[in-house]
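Look for chain A in each of the two complexes below; its partner is chain B in the first and chain C in the second.
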Partner chain A sequence: MDRRSLTVIIATVVLRLVLFTAFPSLPNLLTNRVELSTPVTSFKRLQEGLFLYTHGLSPYDGGVFHQAPLLLAFFTTLPSNPIVVYLVYILSDVLSAYSLIQIAASGVSVSTPYHTSSRKSSTWPPWAVAAAFLFNPFSIATCIARPTIVFTNTVILTAIAKGVQGRGVAAVLALAMASYLSLYPVLLLPPMVLLAHDSLPAVKKKGRSLGSFAAVLTAVFTVAAAVLGALSWGITGGSWEFLASTYGVHLLLPDLTPNVGLWWYFFIEMFDSFREFFLCVFQLHLAVYLAGLCLRLRKQPLFVITTLLGISSIFKSYPSIGDTALYLSLLSLYRHIFPLMRYTFFVTSTLLYATLLGPAFYHLWIYAGSGNANFFYAITLVWSLAVTVLVSDAIFAVLRDEWETERPEMKGKEIVQI
Partner chain B sequence: MSERLGPDVAATIASAASAAVAESKIFPESAVSISQGKKSPPPDTPENTRVRSLVILSFWVVVITVGLPLWWITTAIYRAPLPLKEMQSWADGRACRAEFPLLIDVEALTLPDPEGLLKTVQHALDDANDFSAHHLRLRLSTNSSKVEDGEESVAATLRLSQGAAGSPHSYVLSPSSRAIDLFYSPSYNPTTLSAFVASTLQEIFAEEQQMISYLLASSAPAPSPSPSSGGGNGGNGVKVVNKVNTAEIARKMSRIVKYSPMYHLTFSLFTAAGDPSNWEIEEAVSEYLQPLLDALGGISGFTVDSQIQFYASLSSSVVPTWVPDSEKEEGEEGEEGEESASGRYILKKEDLSSFINSAEWPLVSITSYPAINFIIYIPAADQSPLVIPTSSTNAFLLPQWGGVMIHNPPAGSDNTHLTKEALKPALDIFATQLLSLLGAPTHPASLPIRLDSLTRQRSAELLVSASSTLGSLYRLTLALPSISIPSSVSTSVSSTLSSLTAACQELRHGRFGGALEEGRNAEEQAEKAFFEKSMVGQVYFPEEHKVAVYLPLMGPVGAPLLMAALKEISRLVRVWKASRLKK
Partner chain C sequence: MAEKIGGVFDAFGLKTGKQKFEYTAAGGVYAGENVYAVLQAPRGDATEALVLCAAWVNTEGELNESGVALVLALARYLKRWSLWSKDIIFLITSDSRAGPQAWVDAYHDLHTPPAVASLPLKSGAIQGVVVVDYPTSRGFESLHIVYDGINGQLPNLDLINTAVRIASGQMGVRTTLQEMWSHDNQYKDRLRTMLRGMVNQGLGHASGPHSSFIPYHIDAITLQAYGDGWHDEVTLGRTVESLFRSLNNLLEHFHQSFFFYLLMAERRFVSIGTYLPSAMLIAVNFTIAAIGLWLKSGRLNDKEENKSSDGKASEGKNKLLESAGEVPSAAEQPDVVSEERPLLLSMAFVVATHFLGFMPLYLFNNLDEKNFTSAFYIFTLLNVILPPVLCAIFTKSFAPTALHFTLIKCFSLLLLGMFLSALATLNFSLSFLIGVFASPITFINPTPKRKWTVGAAWMALLQGLTPTTALVGVALYWGEPLSEILKEAAFGWRVWGMWTQVVVWCVWWPAWIIAGVLVAGSWAVEA
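Entry: the complex of A and B
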């Protein structure tokens, strides 16, 4: 890690500490924001679960807590000083930044064994990528609000960092942890296997076909997930209740608290008899992109992971700003394709628009009572539209970049649909 | 890094080379297309084409292998199997031919040839009976002390004994037992005696028979004009009813409160002034009415409450008219006040229908079962005495609702307190009204026989009503193939059917108490099945709504998928045609 990266990290640690301590009401204010805390990540709900757990009750009894049991075990070992909790969250962000620096330093975003971008030179240096993550207001707000999505993001970034280093087993173990924490990262397994395989040193790669490599990693993932499940089973006193209360909530959406996603409003309005069907459709919609992206972007598995994270930040059951922050920070590794994107201005302004109007409309709906649920839902639609345009525009830019590498003579020319 | 880049570069070069090769191959084609003046897209590399096909395939594989089965499973309508045939046959009245065999014990200790008499009477009864479902069966009682039969309930006991010399045949009904005491004249003629016995029995059970035949007839959907040879009870019933006064029975039936295993009785004292301020209703009810309620206990249960409402005004449309007394003796209540112009206020018949001031009088029931209201109204001093000229008891009955009695307290007496004794006439009237609201026949003087009749009537009513509910459910499930039928409905229906069958058996064997019990269960289960919550919600979901549910979501997702698949298929067809042309 060079000096600049260190400076960035120290600066952001100081910034977060200042925000935590100089504005004592800020953490609680942000914790209550539905944009930052969802039913499956909320810090408040975590405290409720902790309270029940430390008093010897099942943490899932109240129907409020929907997070993984290992988080309980982790938080009960911490001293109850709030500063310690702040430090844990800051440390988690620092680890994320460190993983991002490792990923950026590996240069996988511009050159893979099958593809080397012709715009290689215009990437950001690692410290800039880390800064783009650490100084991102979305990341900062997420860190201050202390949802457990912070840990999921850290683990996902760690998995990617291990993946680009070719350390498949470590990557898959981290991914198992991420899936354990919030289920949807399980979709990243296939591109992660591809990424780890592509990044293997040539010497090691020789004897190992992709098939056997994938089989081994999948087995490791399954065993790791099973071990985590068994540990949770032990922690919650030999009950499988946590499965229904955590993953069941992700899958079946019993809690319709508003968030930035598209599910809550839709399932409030849905006819009861079609609820199960549309739950399946929405879940399937998340999974359907997996194979297509892996096939089409086979040359750049890291971008597949990035895109899948972007898609799930829009379409998963309980998305929050923290998911978008993770996508944006991974996208900053692809600085070289930014000139190829067509809607950057539109996306930026729409994201800002939604960021500013979202809280205002939520206030109008919930507190002022002069608006209704449609106000907030409309703004989450705008937000999702912006992220969707960004994701598809980034895919377009990456494909164009691949194409220009194949046909250098077409560089800079307008494309026309015939 | 550097040793890793080696093969990468090689691979890149190789792929570039292969791309160049591919391009050089197809160059002539594009040249041709340019010469034709049409711009065609630069051809894809085979690698790109393959990837595109795979990507499209990957989407379709998920949609078809996972999506379609999920759609099938999650939108499948669960329809529990219902015994439709049985339900229909019950609804049509074909499943059970309800029979009401009434057993009558005959005690004839003094008669020389009781068997012979019985035979002739039985013949006479059978000949006279048009309604075969309801028939009387005579049995010679062997042991006079053994009146009650454990197997079969005995409808009545006929005690034949010799009357005073010279007197004609006569009979006496005891009001509190099932015994009919028949006194024959000592100089009797067997033919006239048997005719007298037969007509007596017929007379006693005539009203019940009419009611039951009316009930059963109303259940049969299509009464045939002439009774069929098969002797369906519907056809027979209609004939009987036609013979007697149908309108009279219909009027009687329209009074009856719908059957319920529980009723709530509310006794209300409405007084137009501030007094009387208390009444001994609790004591009065427990003394005068409770015995009747206990006797009715086998049919329905009762809960009782009471209330007093002061300054209860009549509704403005009810204006009693002042009628001066032309003769002093006419005053029914017998109270002649100090007023110089004596007379009374009378309520016209039209006033009675709007007598209950439902806007102001608190008569709302809070129980889940039906309520029957009994009201004592005490008019104000300036409207007293208030009289209903057509009623000797100064009371009237409101069909399916309750009864009202107007009580004119004797003038000059202490008006602040209504004693138990003062309430007795009112409660006696209420008891009569209760019986007729519940549907007990008015005719025989014996209460046990009337209650037995009521039991049989109610059993018939429950049987009919449960069967018709089954019929409605049957038609509903056929008319709306898209509603789901939860398994609870199926359970309820089979429970209804078994109860109905059991009730039918009990009736046939003359065990009417058991029949009522089964009928009650059948009715309850049938209602539960018909009003199943999850079924009712789906009734109002037309098929067109499905378009509105599927299209907004499936349209945007489905259109690109379909277009891509179509393009891919047309490309494959073109390739296939080209390869055939080459051959």
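Entry: the complex of A and C
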């Protein structure tokens, strides 16, 4: 880490500490925002689960707590001082930034064994990527609100950082942890295998075909997930209840608390007889992008991971701002394709509009009583539209960049899709 | 006072409670004691309640003698009936501004002890509030219905309609709105009623004791007896009784579609579908201008690049795409922002200006009331010289080009449009009024080749449209000294949770400062 990265990290740690301590009502205010805390990540629900757990009851009784049991074990070991909790979350963000610095320093976003962008001179240096993550208001708000998505994000970024270093086993172990915490990162396994394989040093690569490499890593992943599951089984006193209360909630959506995603309203409005069908459709929809992206963007597995994170931040069952913050921070690795993107201004202003109007409409609906659920849902649609446009625009730009690298004579020419 | 009235309630056989409160705002202390009694509904289950309220002293500082007497009399009268299905709370507050707020905060457990005491006695969810304000013992001529809530939130129109129907239909009392004592129901008077309503809504202050209830999603109005006439307490009492029987019959809340309206006369209103487009058009004007500037900045950029690498440039349009890889000097330096739009500097400037707005916000909310007048004059003076000074500092230290100024204006307008359109959904009038005041900002052109006379004219116009001028305007409109207005604002911030000043200082003022910097930039860049 160079001096600039260190400065950035210290500055944001100080900023977060100031926000935590100088505005004592801020953490609780943000914790109650539905945009930041979902039923599966909320800090308040975590506290509820902790209370039940420390009093010898099953934390999943009452149907409030839907988070992984290891989090309980982790938080019970912490002293109950709020400052310690703040520091844990800040440390988590710092680790994320450190992973981002490693990813940026590796240069995988511009040059992989199969593709080297012709624009690679215009990437951001690692400290700028870290700053783009740490100073992002969405990341800061997420950190202050203390949802457990912060830990998932850290583990995902750690996995990617290990992946770009070619340390496949470490990457997959971290990914297993991320999937254990919030299920959907399991979708990242195939591109992660590709990424780790691509990043292997040439000496090591010789003896190992992609197939055997993938088989080994998948086995490691399965074993790691099984071990984590067994640990949880032990922590919760030999009961499998946690499976239904954590992953079951991700999959079956029993809690329809509003969030920035598209599911809650849809499933409130739906007739019960169609519920199972649409649950399947919605879940499959998330997985459907995986194969296509892995094949089409085979040259850049890191971008596949980025895009999948972007897609799941729109379409997963309980998305929050923290997911979008993760996507945006990974996108900042792709600074060199920004000039090729066509809708940056539109996306930025739409995101800003949604950020302002979302809380306003939520206020009208819940507090003032002069609006209704449609107000807030309309804004979550706008938000999702903006992120969708951003994701597809980034894919366009990366494909265009690949194409221009293959055919330098076409640089800057108008293209027509047939 | 509280002891006596509590004794009277006790004598009626009602459960009574008292609450002491004390607020400090702008160096002043606002203390008092509320007293209230709960009439338990013979046919209800104490899940819902209505509130009949009178302040000991009304908003004008007059003793509300008949109002309080009427509430006491009604307490005795209504208790005899067996038809109530909702509890009725009789509330006498010691003043009109802090008392109701303290009571309603404590009722919902959102108060801050020990400054505001907790309530010893509670009932169900409050469904409606009627405040009686009758400060004389003479007869009155008409009933003035006050309905504005804090931050421009309004009670359900159906409550106002009910009150108007009962008063004019059953009792034959004329009703008036917004201090329009004579209303001929023609265009001019309707317009004036509407504009007065908009100013009150836009300022977002409490217009009566009922205002504090409205943020809690409780429909509330104040009935003020006005003028000299032959109506007496009995008429007002019957009106209130009828109103309470109507509220008592409600099975649920009033329907949600009648919260957004502008009243023109007691039976005429403008609905949201008609008025919202006007505020939205004003807000969208800024957004469209920002989009236009963004596109223009792209072209400006091309021109500059063509100039800088004249021979090499081929097609201007594709230059932006090409430049990233082609310009050799860019390969060495990590900071390649210079090839595209210089976003960082402009963005940082706009964001910094918006954070600057917290200074006057903090200042005017925390100063002592004695210093308000002098602080205001000093601030006005600073306000005049701030844009040129800021511009001078900015140009000296960063050497911005015309493109920077275009982008600064672009982001500033984008933010302004965004804030105003979000605000239009919360407080239409405030958004509209600020939008009208700020609309000239769209037309300020940041080109450096302006003649100084035009720049000076713009500057003069801008100085006429500052938030400080608006404050003076409000003071003149109300006919009160400036310090009173600032005191009211600081009091509103502390006690009512009013956020009008946040909008003024953190949305409007920064946009104005940036406009001033742009005008000043007309001279600075050329020099």
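For this structure, a couple of remarks:
Everything below uses one rule, namely that the second predicted complex is superposed on the first by the 416 of 418 C-alpha atoms of A that agree within 3 Å, B and C clash if a C-alpha of one lies under 4 Å from a C-alpha of the other, contacts with A are read in each partner's own complex, and residues count from 1 in each chain.
The criterion applied here is as follows: contacts are C-beta pairs under 8 Å (C-beta built on N, C-alpha and C of every residue); 3 or more make two chains touch, one makes a residue touch a chain.
None of these values were measured; they are calculated from a predicted model.
Judged by the touch definition given at the top, the superposed model places A:360 against chain C, while chain B stays out of reach. In the overlay built on the shared chain, the residue A:295 is in contact with chain B alone; chain C does not reach it. In the superposition on chain A, A:121 makes contact with chain C only, while chain B stays out of contact range.
When the two complexes are overlaid on their common chain A, residue A:111 makes contact with chain B while staying clear of chain C. After overlaying the two complexes on the shared chain, residue contacts for A:273 are found with chain B alone; chain C is out of touch. When the shared chain is aligned, chain B comes close enough to touch A:202, but chain C does not. Note: no residue of chain A belongs to the chain B contact set and to the chain C contact set alike, using the contact criterion stated above. Of all residues in chain A, only 118-119, 121-122, 124-125, 336, 338-340, 345, 349, 352-353, 356-357, 360-361, 363-364, 367-372, 411-413 touch chain C in the complex they form. Per the touch definition, chain B reaches chain A in the complex via residues 1, 3-9, 11-12, 15-16, 19, 39-41, 51, 54-55, 58-59, 61-63, 66-67, 70-71, 74-75, 484, 537-538, 541, 545, 549, 553, 557. Only residues 107, 111-116, 201-202, 271-274, 276-281, 284-285, 287-288, 291-292, 295-296, 298, 405-407, 418 of chain A touch chain B when the two sit together in their complex.
Of all the residues in chain C, the ones that touch chain A in their complex are 153, 215, 217, 253, 256, 259-260, 287, 290-291, 294, 315, 318, 320-325, 330-331, 334, 336, 339-340, 414-415, 418-419, 421-423, 425-426.
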